[in-house]
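These notes are about the structure you will find just below.
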């Protein structure tokens, strides 16, 4: 059997790709579409560096044949980055030094966005739970947790501002 | 007084920060090129074997198979990564010849149109192996009759005629004889993986001008370039290495494993070739931090002064030594710890076993010495009837002291650091330790 | 179920710089006509922040703003030779090379500035904001960018500098081990608190508090990042990690992140640190280096804390829960044998 | 062989038809969290793979006193359901958020130990599984589904399509003990469901994970406590018996010795948790 054309919505834009059977979403994003914020730390579902949102929910793109997201909305870090500057979560990662080598960072930020989307004021425990599938070898996690707490506070104070 | 500084000493934002939080930072294998081929390795399934035959016939029939490389294709197949700084002998096989010395040792490389095809072809290579007895323990490897791992006939790295890196300072035996207490310990540590989140990898790309550009996540671009040049026997000016952005290193990316074969495959196929470790390769066949066994014997006086220390250390280098001989030298230079000990004897062995080679890792030669010595210090404290803080203050080195390797101590601040830690945790120190400094003993640093 | 708490400490030195020397690093700096300084190197950024720290050193040494410095590194067609980023050598070696290159580039700038500002060299100073001033004459200043442009278009001169740093290769005396095995020594003292579950053998690290002395900190936030991340890695080495869980038996070597054990965010203890600065004599601005050493002191501190909590001397890493349980079992057996012996002795007397 | 075909049936009959057509060489996959890593690494080289993700097997519904769980329902769905607390807890303690969004309840039954934490809970709940093939359907107790390490009662042409869990479960407790607190393989997993009448245990199911070739029941421990009150001596007896009868193994995470010891500790702690929950309930009632 040959290749198929699969259509899905990537960061709000419909894309069409021709793929061999069972090509992973990760491979399509990185090697066909050039979305290299989707990282490739293990391809075992174990590091979280390839995390993307499928219909708003975090998933490991290395374990997902692209056929399974046909017609769905996929969001990568590229789509989280606003045209003008940085998202609040990205800003918080900068301010808290929540990365060193930067390789786990895209996955961490995608998960943070998903978490804050579901739960704008997460407890420390909820943050820790959300990151259980994302491995960082450099920072000791503490600055990452602080960044998410910081982003949540920033959102709350912005929401509290009149007008 | 030095002039005021403008930017040194300030927590300025990281210059790569925006790239990292937006994912725009380009890591080595984020590049991809039209027509790029994929290289995967056929590895030894056993710890030690004679290789009788490599049968590629079935692999060659896999759709997408492009070529295979064996040792015969590698111009200078036996190398030593530290050969660049004069370390001998050449010992590691880029691709195994008649013998595989560890489980996971590369025997052949398969180049294919896709990663899937390369993996498929690798699975179809038939190896005819005669399994040989293997040795996995550093002291077992040194016993007479142990399986010999190296190709020159013994299981230790030789340091200018000695089977270990030696340090001799004073007379430990005389000091042991007059010591009030002898404190002995043996410390064992298991191998550790650097485990960077980005696996080791590179892409070698043939350029229009006959050169090869290699995008790599090596920690040391020239080290990798120079070793590649030696292994492939091509002038360094035909190689252009591009790197600098590494998704975690911790010493795991100081070896030169992927670049020579990827470049060789690019030369052979005239196409871009990617060779990146899978996670299981990174975990199971990439270099580790050595396992260590460290024997420590200290002679201690009633007042807590350590007057003699004898250390015998064995680092499990695995089948090839890579950076480990250098780690032993660093270890030997520091196995007395940050203490002033007048009589010291150190023997540090780099031992070959049928294990995955060990190499560099964060804390190279020191991390496990610090573990052994600092646990030993607590034992000494107990024997001498002192608390852990006192034993360290009493023995702390000062500027002007002579280390066992004969270097005069210049930057000692152990005492000040311990005082700061005590203050941080609310540990009361006796006045004599509060007043102590690392200044030269002759300058009142009593 | 008992949970036992204990505190342990350790104090360590760390020799920085590739130990036996003979490991040169070069830097080349040139000014563009827009006033940027391109610093060409071949060091790598592993995440420790090399580009940032070297950018700070270059800006400081050149007397310009951080944003006027471009770090171009690890391209062997443009970068001069460098041994690599390992052995806590990068900031030390490359930083020194950059300072030397910056000095030469400054001199070249001053050559032109003397003419452009009609002032003696000894009266010129950099304000660190991208300007050269005539001391005592605030109205007489020029932008570095204008001087760089003038050098190119008016004088036909390059604004460039070359730098290299090499600690000469030190031989080792094979008999005595006499050698020069470091460039400078940094220090750390760590206090760890643990809690041990005597039923499961689990060790929970409650806190890791440390003092570090690392010479001059180029960027304190990055230093702190190394200390926090290193504390995590030290705890991981102490209690979790290995590729050979049954060493020397080579079997059951982990293949993925679930089998290769490392603590997660949940396991992170409270981390606290203070940093002392005793500038070294030979590092750039007194740097010693901090990247490698931060995982070291936590390991023995944790192991010593386990002893304090349980009375078990552990001499093996990683300290698995099984190791603790077997140790506690042996201790209990020894105690019961001892008490049986006591009973016998008492009865016998 | 590079995968030639990835089949994504839209209904159960279509899936069964495809399985019949392609035979046992067809790799059946649901969430992909176990199969995909093996395929990515070239350890598994299937020619044809069928995904059950879109075959209409994803619902979780309460029907009377039975919770019906589609085999392709995700672990995230299982966390969210409020019919059986033990299942939510087991699912919450499995893997990570992303993996729970992908991994399925059915897939968890095929995950070799030390994985398969949800399966341990299902075993304690006396779940039954519905198997469907071209010649009809059958329903088996989960306890009869497992036949050995990575082997089961599924015929070559059958699919596991649904899991039935009685909702009247009595008192339950779940503990997963790993070397870390989250997203980690089990040293041991314990799930317990008890019924008590007049202060005495009338029925007990103690299920263990990572303590045998597949999730197992500690039948002798169960027998040892039925008829007794749930008090410390009885709890100790259950723990000791379970530790004696389990069949643990050594892997990268733990030795057989350590696992056996932890079976004892965590069977006891799980039973103590039941007691504590009862006291909490009493406390709340006052």
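Brief remarks on what is shown
Each chain carries a letter (A, B, C and D) given by its place in the written order, and its residues are counted from 1.
The rule is simple: a residue touches a chain if its C-beta (ideal position, glycine included) is under 8 Å from a C-beta of that chain, and two chains touch if they have at least 3 such contacts.
This is a predicted model, so every value here is computed, not measured.
Across the two candidate interfaces, C-D and B-C, the one carrying more C-beta contacts is B-C. Look at where the CA atoms of subunit C average out and do the same for subunit D: the two points lie 46 Å apart. Mean C-alpha position of subunit B lies 17 Å from that of subunit C. Between subunit A and subunit C the centroid-to-centroid distance comes to 30 Å (mean Cα coordinates, whole Å). Averaged C-alpha coordinates put the centre of subunit A at 34 Å from the centre of subunit B. For subunit B, the set of residues that touch two or more other chains comprises 13-14, 16, 114, 195, 245-250, 278-280.
For subunit A, residues that reach two or more other chains under the stated contact definition are 20, 42-44, 46-47, 97, 99-103, 128, 132, 135, 137-138. Residue numbers of subunit C whose C-beta contacts span two or more other chains: 46-47, 49, 221-222, 233, 245, 253-254, 256-260, 262, 264, 266. Arrangement of the chains shown, judged by which pairs touch: all-to-all, with no pair of chains left without contact. By the touch rule above, subunit D contacts subunit C in their complex via residues 37, 177, 179-185, 250-255, 257-258, 261-262, 265.
Interface residues of subunit D, counted against subunit A in their complex, comprise 2-6, 8, 31-33, 36-37, 39-41, 49, 51, 53-54, 76, 95-99, 101-102, 182-183.
Residues 8-15, 19-20, 22-23, 42-47, 49, 51-52, 55-57, 59-60, 63, 65-66, 71, 73-77, 79, 81-87, 128, 172, 174-182, 184-191, 209-213, 215-222, 233, 237, 241-245, 247-250, 253-257, 259-260, 262, 272-274, 276, 278, 280-281, 285, 288, 291-293, 295-297, 299-301, 303-304, 307, 313-318 of subunit C are the ones touching subunit B in the complex. For subunit B in complex with subunit C, the residues that touch the partner chain are 5-16, 47, 85, 103, 136-137, 140, 159-162, 165-169, 185-193, 195, 218-223, 225, 239-251, 253-254, 279-280, 283-284, 288, 291, 326, 329-330, 332-334, 337-338, 346, 353-356, 360, 362-364, 366-368, 370-375, 377-379, 388-389, 392, 396-397, 404-407, 409-414, 416-425, 427. Within the complex formed with subunit B, the residues of subunit D that make contact are 1-3, 40-42, 45.
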